[in-house]
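What follows is a single structure, written as structure tokens, with notes after it.
Each chain carries a letter (A, B, C and D) given by its place in the written order, and its residues are counted from 1.
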Amino acid sequence: MARVPLAIQLGAIALAGAAVIVALPSFIGYDTILQITLNFAFAILALSLGFVWGYAGIFSFGQAAFFGLGGYAYAAAAINFGDSTPAILIGVLLPALFALVLGYFVFYARLSSIYVAVITLVVTLILYKFMGQTAKPSYMIGNAMLGGYNGIPAIPPLNVPGRPDLFAGPEEMFVIAGLTALAVYIGLRVLLAARLGKIVVGMRENELRMELLGFDTRFYKLVAFVIAAAIAGLGGVMFANWNAFIDPHVFGLGFSAQPIIWVMIGGLGTLIGPILGAFILSTLSLELGTQKTIDINLILGLVFTVFVLLVPQGIIPTLRKFWTDRRPARDPDAGANASREASSHG
Amino acid sequence: MESINRRTLLRAASGTALVLAAPAILTRRAGAADAIEIGALHDSSGSHSIYGKEMDDAVKLAVEEINAAGGVLGRQLNLNAFDTGSNMQNYAQFAQRLVSSNKASVVFGGVSSASREVIRPIFARSKTLYFYDTFYEGGVCDKNAFVMAETPAQMIGPAIKQLIKEKNVKKIYTMWADYNYGYICSTWLEKLAAENGAELVAKEFFPLDVTDFSATITKIQDAKPDLVVSGLVGGNHIGFYRQWPAAGMLGKIPLHCTVFGPWEKNLLQPQEIEGLTTSYHYYQTIDSPENKAFLDKWAAKFGADHPEIGTLAVCSYNAVNIWKQAVEKVGDLDRDKLIAALETGISFDGPGGKMTVDAKTHHAVMSTVMAEVKNGEFVIIGQNTDVPPLDTSAVCDLIADPDQSIQYQP
Amino acid sequence: MAERGAPLLETRGVGMRFGGVKAVEDVDFRLEEGELRCLIGPNGAGKSTFFRCLTKQYQPTSGTVLLRGRDVTRAPTHAIARQGVGIKTQVPNVFDGLTVRENLRLAATARHRGRAIDEACDQAIERLSLKAIGGHRLDRLSHGQRQWVELAMVVTSRPALILLDEPTAGMTHAEVEHTAALIQELNRDSALIVVEHDMQFIRSIATGVTVFHQGRIFADGTAETIMRDPRVGEIYLGKRNLLS
Amino acid sequence: MAIAAIQILNTMASLALISLGLAVIFGMMRVMNFAHGELLMLGAYSVQFANAYGVNIWIAMFVVAPVVVGLIGILIERLVIRHLYGRMMDTLLATWGLSLFITGLVTMVFGNVTRGLSTPLGSFEIGGIRDSSYKFLIIGVTIALFVAIYAVLRHTRVGLIARATMDNPRQVGVMGINPGYVYTATFAVGAALTGLAGAIMAPLTGVLPTMGAAYIGKAFITVICGGDAIFAGTASAAVLFGLINQTTTILLTPEFGEVALLLGALLMLRILPSGLSSLFSRRAV
């Protein structure tokens, strides 16, 4: 079976994806535009966890915290500069820097994965508590008040670089968020095909072997962690833009659980899976929120538990397996190749 | 104490069936073509539902009454009420939906200050008239928004004056929820106390998830104040009202609470809160014919066994009626004309007394009462009329400078 | 800078204790360039612990480890590997989801870039006679084949020193013979340290043998002299007979 | 000063108490029970409702709540945990789902309102300062529970089986004991202890569906930072963190208390990556 070269494959996805994203706002209602824009921001967050957990094998509770830091950093910077362009950069760099320090602390101490999970959780909770108590007027970053539990309202929207008066409305925001999510997806595919991606996946599969081969796994874990934090931060920037508001609940346990649920349901070890998971569950949450008879947590919890028990691999890998099982096995390696692809190419 | 009975269980069971039918309910479009579309955004579920539920009910009651009496300008009102579920994300989404899909001409809602700040800019941008009806920290100054509820000056001002005088207070110990509301109220209280010859010996702030107050209860006893003022908020802070009597402090030092309505009172045993004082525009125990009539209507709609209601319900109810008067005065739904009409000082005699729109601040001048808990009831021990929102009027003048849409911080 | 004339590997007074237990004590060990040395000893003699002190899977609690005269006592595992030491652990550490060639490519990535990766892979496949199974996934290979793939992975970095921990464990007789041949092939370019149990195997490959007993070096010599040493027979062969 | 000491002891005891059930389940089964907070919540609801229906508060607290939550624990183990042994990450995820589910279910059935019962036992006075006597109950019950667990583990056949399971779960089968029963029993005991803890905390705070979230983080950190010697570790971590938390609260304000606790945990994990108990013990109790 001839395989399409990765470059052509990704090029096609990029073109088709971009075309759909640009065209879509003309065909769908205003509500739907807003909902999908939010989904795009969440998809970026999901991708960051899908990468760091699914490929680098680092279970991070803290992706939502990086997402939140990105959003807060963007908010504070945009309010102060009045121009969103440097604010985006800060929204990506601050979480990355934070992850660099935290990751150094964690990975260079060679803490086991369960401790990594707990420490990222603890840090998330610290951020939650800290941000929650910034209501004092003294917690000002320039002109931006952190606002404690009430959060930061009226965050300026994205604007044309250098022209704060030309800012993105909901439809433009839809396109920007969509293209950003697409770019993150393609970027991660490229990264996984490159040397770094191979090393990171090798590390997930067999950390000792990678060390014995001479790879400094501490370093590569740190790199993967920082990249994922930067991506999550970018998602946070999109989120802060989406409702022009951010508050400490992004650091809460409930919010931190969300990306984990998305990745788990969509499929660990894939990139499409987390995106799908984010779209399905975030849409489900909103629609369930409009009815009152059944508590939304009850449904989400049930779905999630059932998935862990019955579809532990998630939707995408299960579908892929189903698909390859149905194809006649001409070449004995075909099935193996396809399922491996599920685990390492996304 | 609410008990689980067969009905509650039945409700849960029928919920399962309903969710299967949900798509049909969600896609239903109600209302006649010529109806006036209005919107409501309240947290009927989630952590803020103890406040949001009665607000939502009050708006529904007011709209039903108006419709039963023939509507406004001969048109029925079609209420698009969304449950925001105590989630800020839902506020942004539903507000956009009200503006774009439902084309609401006015929206009542927002429970927490955070939710208000999420939706206020959306309505300002889309020029959709907006009413906020929750007591809050004050300072909102927005041509498009009207606040028909208490600010700190109205909640604390007359009450603290009365307490200082009656109990000869010199030293006040204060505790606040660690957020915007707490900080602004504490500043305001400090000023008021000074004007009346008392001083604040402590201002302590508690994150909203603190449940253990024993250290503070010890500190209070060390400080030996003449009055303790609590601005604690929310389910976790209820712990204080339980630990205070448990430490044997009840009645030892007078306790005044700035956020303590029926919502909090119902969570506690009467003997835990005996003698505690509090102050709002409205309590259910106000003895007046208007209130009696209102409570009858409320009981007719929501059942005689409805939970005790508070100022939030009445402020929401008043707001709808004040808007109705403005529409009737103007004769159409044009936003700018409605704002002008509201600024003429429209006033409404609600169940809690008179409430008048203050043109300069878009807030309300209102009557307030102080209550003391006796045997689990709010017994009215003080009444004031036409209390102005002094905190906000000190900084905000929308007549002199109409192009404003901000919240002033003290 | 490496010392001129320094041995390839040298340890001075290396010790490793776990709590109160001294697993390895005061080991002075030397290995010259190109040498092939077997470490033997009964179970619990400390040879595997010593091996892990060399690879830094354990951090020695005392003593120094020198690679070509350079002190690497505090260097982590990957840094040891980077200095030209290839390591094969007891349990095969390979990537089961990948094919043989992909395993080798991943290994070669550590030291090479671009076309050199493929060249290193080709060479390793050639030297370890893996051509026939190059496209097979590792989880479909026999135990012996997996061991050889791991050897090939080690070879891709063209190490000056190769450390092998029980390379014939669990192998059939034919596989052991093939492995012996491979080790001699590898010894043409690299020095080797092999931890082993199988005396037959050791006799077929070894030029030098170091015997561990109770955490210390007990004896040193050629395979023949060691096997004739009655003291060794007492501590080692006796135990081995008990085991087999 | 005496009051401060009692308050610090109380914080330590509370921390140990809310972590104990989690320690049992994590230590013996290597199951990360993220529904721990919800089991606490169910314990609080049990005592609240039993008391509201006229059951004596002490019976409600020490009998009804542990039994109810223990039974729920059996149900959870049979339906969910049973299928996930050996997959620690999956148990964490599945119990996370459960925690959402239980929160949702309780919200639907009982509503999102804070309930509560008054704190029993009245107050005491030292040096003119009054405080609640209930603190002595918390301290006493916690000490009693830890002593009891230690005694059971050291001196009974059940304890021997439990320690063997911790050591090597597969070998328990060899001893002629069905490991399935051991797991169900362990989870039930862990759940019951958690229910009891929730019941004891209930009179101090409000009882509401989301109350578990306030405890889960602290309990996890306490157990994990305790390290391998699960009970001694949990106890010592509770002592350390309780000291940090309450001292900071007394000297500054509560806003710093919990942040100090969390920072302390971070630092501790950096200095002692295998947990607090690695300082004094290599045994698994």
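Everything below uses one rule, namely that a residue touches a chain if its C-beta (ideal position, glycine included) is under 8 Å from a C-beta of that chain, and two chains touch if they have at least 3 such contacts.
This one's a predicted model, so the numbers in the text were calculated from it and none came from an experiment.
K.L.:
For the pairs B-D and A-C, output the one whose chains share more C-beta pairs in contact.
P.N.:
Answer by contact count: B-D.
K.L.:
Taking each chain's centre as the mean of its CA atoms, which one is farthest from the centre of subunit C?
P.N.:
Most distant chain from subunit C: B.
K.L.:
Which integer distance in Å separates the CA centroid of subunit B from that of subunit D?
P.N.:
38
K.L.:
Determine the centre-to-centre distance between subunit A and subunit C, using the mean Cα coordinates as centres, and give it in whole Å.
P.N.:
Once rounded, the distance between the two centres reads 43 Å.
K.L.:
Hey, how far is the Cα centre of subunit A from the one of subunit D, in Å?
P.N.:
Roughly 33 Å, centre to centre.
K.L.:
Could you state the distance in Å from the CA-based centre of subunit C to that of subunit D?
P.N.:
It comes to 48 Å between the two C-alpha centres.
K.L.:
Which residue numbers or ranges of subunit B touch two or more of the other chains?
P.N.:
Residues 15, 45, 178, 205, 207, 209 of subunit B each touch two or more of the other chains.
K.L.:
At which residue positions does subunit A touch at least two other chains?
P.N.:
Within subunit A, residues 129, 133, 294-296, 299 contact more than one other chain.
K.L.:
By residue number and range, which residues of subunit C touch two or more other chains?
P.N.:
none
K.L.:
Please list each pair of chains that are touching.
P.N.:
The complete list of chain pairs in contact reads A-B, A-C, A-D, B-D.
K.L.:
Can you tell me which positions in subunit D touch subunit B when the two form their complex?
P.N.:
Residues 3-4, 7, 10-11, 14, 49, 52-53, 107-119, 121-123, 125, 128-132, 134-135, 203-206, 208, 210-211, 214, 246, 249-250, 253-255, 258.
K.L.:
Quick one: in the complex, what on subunit C touches subunit A?
P.N.:
Residues 55, 57, 76-79, 81-82, 86-89, 93-98, 105-107, 109-111, 135, 137, 140, 153-154, 157.
K.L.:
Please name which positions on subunit A make contact with subunit C in the complex.
P.N.:
Within the complex, subunit A contacts subunit C at residues 195, 198-199, 202, 205-206, 208-218, 333, 336, 340, 343-344.
K.L.:
Note which residues of subunit A are touching subunit D in the complex, please.
P.N.:
Interface residues on subunit A, with respect to subunit D: 59, 105, 109-112, 114-115, 117-119, 121-123, 125-126, 129-130, 133, 252-254, 257, 260-261, 264, 294-309, 312.
K.L.:
So in the complex, which bits of subunit D are touching subunit A?
P.N.:
32, 80, 83-84, 88-90, 92-94, 96-105, 107-108, 213, 216-217, 220-221, 224, 255, 258-259, 262-263, 265-266, 269-270, 273
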